[in-house]
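In this document, chain identifiers A, B and C correspond to the written order of the chains, with residue numbering beginning at 1 in each.
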Amino acid sequence: MMALYLRDLKLATRAGGGALTGILFFMAVVAVVPFGLGPDLKLLAQVGPAMLWIGALLASLLGLDRLFQAEREDGALDMMLMQETPLVLTVFVKCLAHWTASGLPLVLVSPLLGLFLNMEPTAIFATMLTLLAGTPAITLIGAMGAAVAVALPRGGLLVSILVLPLVIPVLIFGVSAAYAAVEDPAPFLPPFMILTAITLFFAVIGPAAAAVALRASSE
Amino acid sequence: MPIRLRVDGLGASRGEDPIFREFCLVLDAGGALLVTGRNGTGKSTFLRTLAGLYPADSGTILLEGATDPTAPVRESLHYLGHRNAMKRDLTVAENLVFWARFSGQAGDPAKDADDALEVVGLGGLGHLPFGYLSAGQQRRAALARLLVAHRPVWLMDEPTAALDTASERMVEALIAGHRATGGIVIAATHQALDVPGAQMLTMSGFAVTA
Amino acid sequence: MRERSLAIRSFTDLANPTRFVALAGRLLPWLASLTALLFAVGLTLCFSTAADYQQGETVRIMYIHVPAAWLSMMGYTVMAASALGTLVWRHPLADVAAKCAAPIGAGFTALALVTGSLWGKPMWGTWWVWDARLTSVFILFLMYLGLIALNRAMDDAGRAAKVSAVLILVGFVNIPIIKFSVDWWNTLHQPASVLRLGGSAIDPEFLRPLLVMALAFTCLFFTLHLAAMRTEIWRRRIAAMRRQAARGAASA
């Protein structure tokens, strides 16, 4: 399993991998916000956590459609379906590698973008923490969409459309936890715990559902 | 205990059209089956059904004498499809070592990969990215995958596609070598492969004559 | 007539990657030592001159910030010139030059942004504002990164060079916008004070270390660029040799 994890990381970082593209997209989305809203620093600070979350959400959906499609195109998916290793585990490890290569970098650059949006240090830290807890859920949910759309020739956009409604709870609790850290009356922990629970829940459901979909679509 | 592959009443269809029905086959250790037939008669589907990648309508596939009798048969198979299951951006050796590790092969995968490449005539090319190889070389590298992890039954779909005459002899030698160690080979091909003592199966649309 | 043929020969000489690698190998130690010397002098001057009566010690950030910002624009200009070389003259070294300038330019841009941010906090009370100058430099940074990503995403170096050359030239409109943004819009960022009509507005006390540092940064840019181009040529040779090795094994 370590072999699969390392291989996917190698593929993501080697020439042609999509790791850099996701970060760039994230930065571009956040950079566009001040043009739309106007450069009012107070306003930017207020919408900052939400903007970071939406940017990270869109950026992490970006490369997801290739998660299984690349394996299918060169026939590697067939081998994975035939192994002794449970397919659920294979899917989970692929998700983990995908998150390490494209989700984690988003978390790491988010404080920098927080500065651009004139956010308070506590808000930046809270947003980063919620992103760290929440982005794995996006990848795991996205894996289901990617598995469903794996046999479609142009499934890329479809994956995003399929996945977006499912990730809305992640967005809701991620953003509300980030705001709770800044605004006094609301407590930070309850929404954050729910966010973590969502991630853990989909760590179980996501790979299982994706594995079923992959088996069904192989022919 | 020597192995025996037993296929009973296997059938599969594409949509409403049956491709083959009530297919029975027994292959002992060291046995081989050559599947021939024109394009579109279902050779690939037949192999994929055996590999458990295509849903069968009916029938059973059993491997007697397998190390773990409860495990699905597909785990004892090597399937060499049309596509080579290799990543263009990784080197040939990296690809092979990955498949060896992923297939749960014990031992030293790097050395096994080198040896396997030597056998298929790609010795010393392990450091090249897979995408740099020619089509024939890529096919040979894919054949090396069968050697880095042991599986008793090989399913080969057009193993000689894109290969020259010399490499076809190499494939025949590989098949002979695998059978000599008690393995079973099922190969679909439209080229004349010299596999002594192999059962023949000619697929011709709906009717199957074994 | 003879002059003409001579000129062409020297032009092709420069175009020859082997010659270029040899030349770069001979130039690099000198250029590197010159860079080190200039930095030694420049940094000494930076810290020996007086602090500003208004800004205090933070004024010294200027000696890094301003040259880095200049170099970020010069890096893009070098890329645009190379892109022109790729598209118009199909100069074999031009696409190497364009590809290698991108990461270096991005580095200088990042340095300008970071130092500017550090300077902005004590001066303006914020790390970042979205005024015309800062925004256009940030866009420049994104363009650099985009070009790097584009180059990485393409297998074929020749095709990647042509496509990114088009993008580089289109993106060049941003450079004058950056340069004149402080004059066109009323921004928080101060207007140009070193290079302007009617003489420099900056005291010679500050100007001297600034110019030395600018020279040092320029030398650093060319040192890095030359080294990167040499590495890129070597990398392409290795790739070519690997392909040859694969072909050689096929015929054997």
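For the reader, a short list of remarks on this structure follows.
Here, contacts are C-beta pairs under 8 Å (C-beta built on N, C-alpha and C of every residue); 3 or more make two chains touch, one makes a residue touch a chain.
Quantities reported herein were computed from a predicted structural model and do not represent experimental measurements.
Compare each chain's C-alpha centroid with the centroid of every protein C-alpha atom shown, and the nearest one belongs to A. Among the other chains, B has the CA centre that is most remote from the centre of subunit C. Remark: among chain pairs A-B and A-C, A-B carries the greater number of C-beta contacts. Here the spacing of subunit B and subunit C, counted between their Cα centres, is 54 Å.
With centres set at the average Cα position, the gap from subunit A to subunit B is 37 Å. Subunit A and subunit C, compared by their mean Cα positions, are separated by 34 Å. Counting partner chains per residue, subunit C shows two or more touched chains at residues 155.
Looking at subunit A, one finds that residues 15-17 touch two or more other chains.
Residues of subunit B found to touch two or more other chains are absent. Chain contact summary for the complex, subunit C toward subunit B: residues 155, 242-243, 245-247, 249-250. If you check the complex, the residues on subunit C that touch subunit A are 117, 126-131, 135, 138-139, 142, 145-146, 148-149, 152-155.
By the touch criterion given at the top, residues 122, 124-125, 127-129, 131-134, 136-137 of subunit B touch subunit C in their complex. The touching residues of subunit B, counted against subunit A in their complex, run 48, 51-55, 71, 74-75, 77, 79, 81-90, 94, 97-99, 101-104. Interface residues of subunit A facing subunit C in the complex, by the touch rule stated above, are 15-17, 20-21, 24, 27-28, 31, 34, 39, 41, 44, 115-116, 118.
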